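The following block contains the structure, expressed as structure tokens.
Order as written gives the chain letters A, B, C and D; numbering starts at 1 within each chain.
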Amino acid sequence: MKREPSMLVEARGISKQFGGVEVLSDVDLDLHAGEIHALLGENGAGKSTFAKILAGVHRPTRGTLKLNGSKVDVTNPIAAQKLGIALIHQEPISFPDLSIAENIVMGRQGGGLLSRVPWAKIIADARQYLDMLGVSLDVTLPMRGLSIANQQMVEIARSLASDSKLIIMDEPTAPLTPREVDTLFNIARRLREEGRTIIFISHRLEEVRMLCDRVTIFRDGAHISTQKIDDISDEDIIKLMIGRTLKKFMRKHVAEIGDIAMEVSELSRPGAFEDVSFTLRRGEIIGLGGLVGAGRTDVARALFGVEPAISGHIRINGVDAMIHTPTDAIDLGLAFVPEDRAGHGIFATLSVEHNLTAAVPGKIAPSGFISRSLEREISRKAVDDLSIRLASLRQPIAELSGGNQQKAILARWLLTEPDILILDEPTRGIDIGVKAEFYDMIGDLAEQGRAILLISSELPELLSLCDRILVMSEGRITAEIPREEATQENIMQAAVPRKGVAA
Amino acid sequence: MTLVRSILLRREAGIVVMIFAFCLAVGLYKPHFLTVQSLRIILLLVPLIMIGAMAQMLVLVARHVDLSIGSILGFSAMVVGLMYREFPDIYWLVGFPVAILTGAFLGLGNGLLVTIFRLPSIIVTLGTLSLYRGLTFIISDARQINRSVIPTELKAMSRTSPIFDIPWIILIAFGVALMTYVVARHTQLGRQIYALGSNPEAAPLRGIDVAKVTLVVFTLAGALSGLAGILYASRWGFVNPSNTGAGFEFQVIAAVVIGGVSINGGVGTVSGTVLGVLLLGCVSAALPLLGIPGSTQNAIYGAVILIALLIDRSVRQRGVTSLSRAAS
Amino acid sequence: MMNSTPAPTRELAPARPTWHIVLVRPETMTFLLLLFGLVGASFLSPFFLDAGYILRSFTLTAEMSIVALVLTMVVISGEIDLSPAANMALSACIFAWVQDAGVPLPIAVIVGLLAGLAMGALNAFMSIRMQLPSIIVTIGTLIFFRGLAQVIAGDRSIRVPDSFIGINNVMIAGIPLPVVIFVLVAILLGLVLGTTAVGRQIYQIGTNQQAALHAGINAKKIKVGLFLVLGLVSAAAGIMAASRLGSVRYDLVLGGELQMVLMAMLGGTYIFGGRGTILGTFLAAWLLVIVSTGMTVANLLPAIQLTVLGILLIVAIIATNFIYARTQR
Amino acid sequence: EDIDIVFVGKNTGNPYFDSLTQGFVDACEVIACNFEFVAPATAEATSQIPFLEAQIQRGVDVIAISPNSPDALNQVFQSARDQGIIVLTVNGDITGNEQFRDATILPTDFTKVGADQIEMVGSLIGYEGEIAILSATTEAPDQNFWIEGMNETLANDPKYANMTLVATVYGDDQPEKSTTEMEALLANFPNLKGVIAPTTVGIAAAAQVVQSRGIADQVKVTGLGLPSEMREFVKDGTVEGFQLWSPYNEGWLASYFAVGLKNGTMTNEVGGTFEVPNLGTITINEGNSINTQAALTTFNADNIDDFDF
């Protein structure tokens, strides 16, 4: 005899825009009381954003939420807390100077500002929750210096302490060891028995299958499907997650592969990546795939001299290169489009023009003084070449859409006439239309004889564009797959951390 | 982990060692420095700085800074002085609530500017440093409040004692330190101040009302500066529109930074601050005994701040190193 | 912060019209305030409106104004320096002390300048190399430099030779030399900041240091350079002040840091870096002179002046933040 | 036509100048002058300059000033006098730069202050024992001049043969520093009998230390102080006596002299004399220096209530 499950959360038409890009559109989702509900989707599908909306971190642009049948407005994290919603953030957040125990309770004790802190109880409770998780830490020590895994455990303990009806775990297992994952799962099941609801976000299908009751799949910010986990196969899940036809982005021409442009051997920066070696030839596009946090960005930053490697060699055009700063790299003909566009790419308040010419001061100011006409001419041409859509060269770049900002960054680098381009997630957060233009541009660049290292978390992108695909996992290159043999499955295989090896 | 903790612990132990070493060195040369009498001198030097340091500590822990506390001190002292002058018959203790409320009000002004307009506190308080000082001149008509105006009972607080022959103002200063300890360590407010300074981005995600806490911190700092203002009148027996409290903020910042309060927020203890204040007191008291001209004092303060900054950084650096070690 | 603007219109948003770009900016506010100040001061006192007097009054703050011009560049690059006033005093004291001890004048000047450079280097070391926040570092060095000046000069005023006195009495086309120097430095720095690649990079560093780094701009080098130039110019300003006053004491331009920061802020320099112009600071320097001279010649209490300074500073940052928020979107 | 007189004080909020200013104000109610008082917020060397420039611009007739610097103001004085403005230094002079002012009005004959102060402390301690000086800043010209006089008197006058000056320290005219210096004196010289503090901040701080330690019968504090600040210490027996002059009379005399000079009824010749109501006949001394009174006034429990400055 099965009872009709009671509904805890009903989300209707939830949408969210960031700076003009719609990252969630009209998501409907029902959550039953006492279920563990998996949320799956590719990187950037909008899972975290949806979670943050439930937890009051973001306000939806449109849409309504019902909790236990009554409409609620989760205006901020405090409100969410009061409604019994707890979120374990994907990147653990903490107060590094406060003790572990305090991090577990901070902000959720009642009482006014002058009410007493019940230290003994806080410490005892913290111990109890961490014990429950099988973690032995001195809870009176400050958070600072805790490993990511332990930070994650503290976050989980925090959500347990909160006594919430809905606990959202955003990739909680990413930094954990298998033993820790087991403990976490046992606790999650116990919480389910207590009638609480858990949203579990993960990229690891086997985990989802072990733990969850139902699964929801997001793709490109849209709700694709919700099913009982037993009713759907892994293949179907992956198909629903990836969704697109690969043909759409097929690279039209394959460029002629030329000389070795860059040769990297045994590059290491302990803590970030180890023993990275590969060669990159002119006209070649190498893909660098892997899960988020695999260390790909760190490799790119090391190659470009932003955060140089500790050991290993880089040879450019057959000559040993010393790259300590980006200036060194630029002089050697490298260019780097960083993944964090707002943080590392654009000068938001400066004009498009100033942004375009930032890396080529010598070109616009041959005599030391900037020539306005030269600058205008160069910028105008760059804008035309990449068909960047803008109202005026003098408008602040922040007023452009994300895709056009990204094109401007690429244009900036093309002005340096680089031989080697490192593109880190160049299409992240830009719309499908511009994406296609980007793919064409990348193909054209290769055809011009440039060497390209393309870091991407989107498998179709890698599959359709790259001549070879390197896969990284936990800071090491775990596979090198030629274009002909590459499939989503074998890339994923190499990308997923091997159980037991992780620590 | 324990490494970080032991360094932090050593920070306070380090100041204690410095105080002892300094006192011993001076004592070898001038044995008089090691007497109870000289302890009394040191303790009488520090009450105002101690109270100001408690105020500044709370502000710094919240990852702000208040440069206007000297001007708030001056303004509050002037308000009380004017009150005593205009209403000579008023009960003298009324000065305390008046000074504290005046200070709180000015502190609230800082807090509002910081929270409403989202301005950096350092610039806001640089502005109010000048503004509040100007207002002090205006309300006083640029005239000093003379010794005869300050009630005898108030002045006597710097001499007379209820217990163990320790003058009232020293007791008050240590009382304030104790209260700050209780607030910082044992109230929600205190912990939220630390949380806010430790990670301002995380604070709202963790349900902390950032604006409210910020306002309270600045108001509290103002109130304490106001208290220091009336104690100034007690200690020195006059209130001068241009001198009273001038440069106070720098002495206080020196004491607090020496005491191990991090300029990056989140870190700082009352005990460290008290020790920092005492160390400065020892230095101030020892200079004349050693015959070192008072004109070197500012250079010494400045150098001490710079050195404390470097120590602060190296402690943090080691903290970061141990973090990356733990992560790898 | 978490609100978002409607997406599709964003990309197509028309560029601001030219008049908007030209007029809606902090410098316009400064200029209007300047006119307003002129009119107001003329009403306050009949003795005010006299070009000779205004120029003479400007000479009194010309040294600080020159330093404020360089400080503007430091602030645009995303740092701040509160120590230049103390640097002026210490450099001037060292200069006067050295020449008082019998060192020939030109060498004494060089020693003074080198001292200023060393002070700039200390600031650069602490804030750039050790990566400590420059605002706190320079509060420390402010106390330290002033304290050292006090150690050197005590309460004494050190005289400079008569031949060295009187830079303010040298007239060029009827304009006192310090004012001429100020104008020239303003033009020079305006050109550097506005038309050279380095100037452009200063804005880029101040706007987004990480992005600048990723674009191959050597932010550290430029910032260190700015601190050094600021140290050197402060020293030169201190020595100019010595020539104007004929003697030097440790309390030279005591509290001048507030005025310098005020000049930069009032001219529309953005406290968080990336925005501001030399023109703005140039106008603000005149504005301040007019405001304070107007009040002084009307025999207003200095108290009122302090109050007005404080209010101006706060209002200036609020207004600048507001204007930038409006034009930034 | 009334004569416009401006007095530029060292700084605002300095109680000493309240009384001095009152002298000007009262005189200008009697004789034909307009008076204004201005002063910078801080007593820093250069802070008076804008105020002087403003007065020149206003075209006043007489600038009276208590200079904050003995030499930094020379250039401005020069341009004032070039415009025919009379420059009088009041209560302090620009020693070594006398050519930049017309005359100086000093409260008393400074050459006698040292001797008077030694006599004062001698009378309090029975002309026997260790004494010390707590002065203003190390470079304060007036104080240093008086201290020189004290040293000479001690060395040359047999009356004081049993008194030894053990230390001269400087409190920089700040209450905190003056207090610690006073405490250090007591610590370093346990047999100290008397302290001369020839500065108003110093004497109050010294008295406060003695009061708080309750050692008024062992250590006698004297020096130069304002009756309004010292009244309490005199009344409770902490201080038996101290000295000063009348700042009021300085302002009073300065006004009469200024108006006289401007009207041509008085001259600025060394050796010349003129009459001032209440003060009698005044002589212009060497270096165009004028004194308002011949000797210091001594204040004690008997007369302190007669003075309100």
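The rule is short, and it goes like this: a residue touches a chain if its C-beta (ideal position, glycine included) is under 8 Å from a C-beta of that chain, and two chains touch if they have at least 3 such contacts.
These numbers were taken from a predicted model, which means no experiment stands behind them.
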Of all the other chains, whose mean CA position lies farthest from chain C?
A
Weigh A-B against B-C on C-beta contact pairs and write down the one with more.
B-C
I'd like to verify one number: the distance from the centre of chain A to the centre of chain B, where each centre is the average of its C-alpha atoms, in whole angstrom.
45
Could you state the distance in Å from the CA-based centre of chain B to that of chain C?
30
Round to the nearest whole Å and give the separation of the Cα centres of chain A and chain D.
75
Whole-Å gap between the CA centroids of chain C and chain D:
39
Which positions in chain B are in touch with at least two other chains?
133, 137, 142, 241, 293, 295, 297
At least two other chains touched by the same residue of chain A: list those residues.
none
For chain C, write out the residues touching at least two other chains, lowest number first.
154-155, 301-303, 305-306
I'd like to see which chains touch which, written out pair by pair.
A-B, A-C, B-C, B-D, C-D
Spell out the residues on chain D that touch chain C in their complex, using ranges where they run on.
12, 36, 38-42, 44-47, 49-51, 53-54, 57-59, 69-72, 74-75, 137-140, 172
Which residues, counting only chain C, touch chain D once they are in their complex?
45, 47-48, 50, 53, 56-57, 60, 154-157, 159, 165-166, 168-169, 241, 244-247, 249, 251-255, 292-293, 296-297, 299, 301-303, 305-306
For a test of understanding, state which residues of chain C touch chain B in their complex under the given definition.
126, 130-133, 135-137, 139-148, 150-151, 154-155, 250, 258, 261, 265, 271-272, 301-311, 313-314, 317-318, 321
In the complex, chain D residues that touch chain B
11-15, 18, 39, 41-42, 138, 169-172, 174-177, 179-181, 183-184, 187-188, 204, 208, 211-212, 228-229, 231-232
So in the complex, the part of chain A that touches chain B is made up of which residues?
57, 76-78, 81, 89, 93-98, 102, 106-109, 111-117, 119, 138, 141-142, 144-148, 270-271
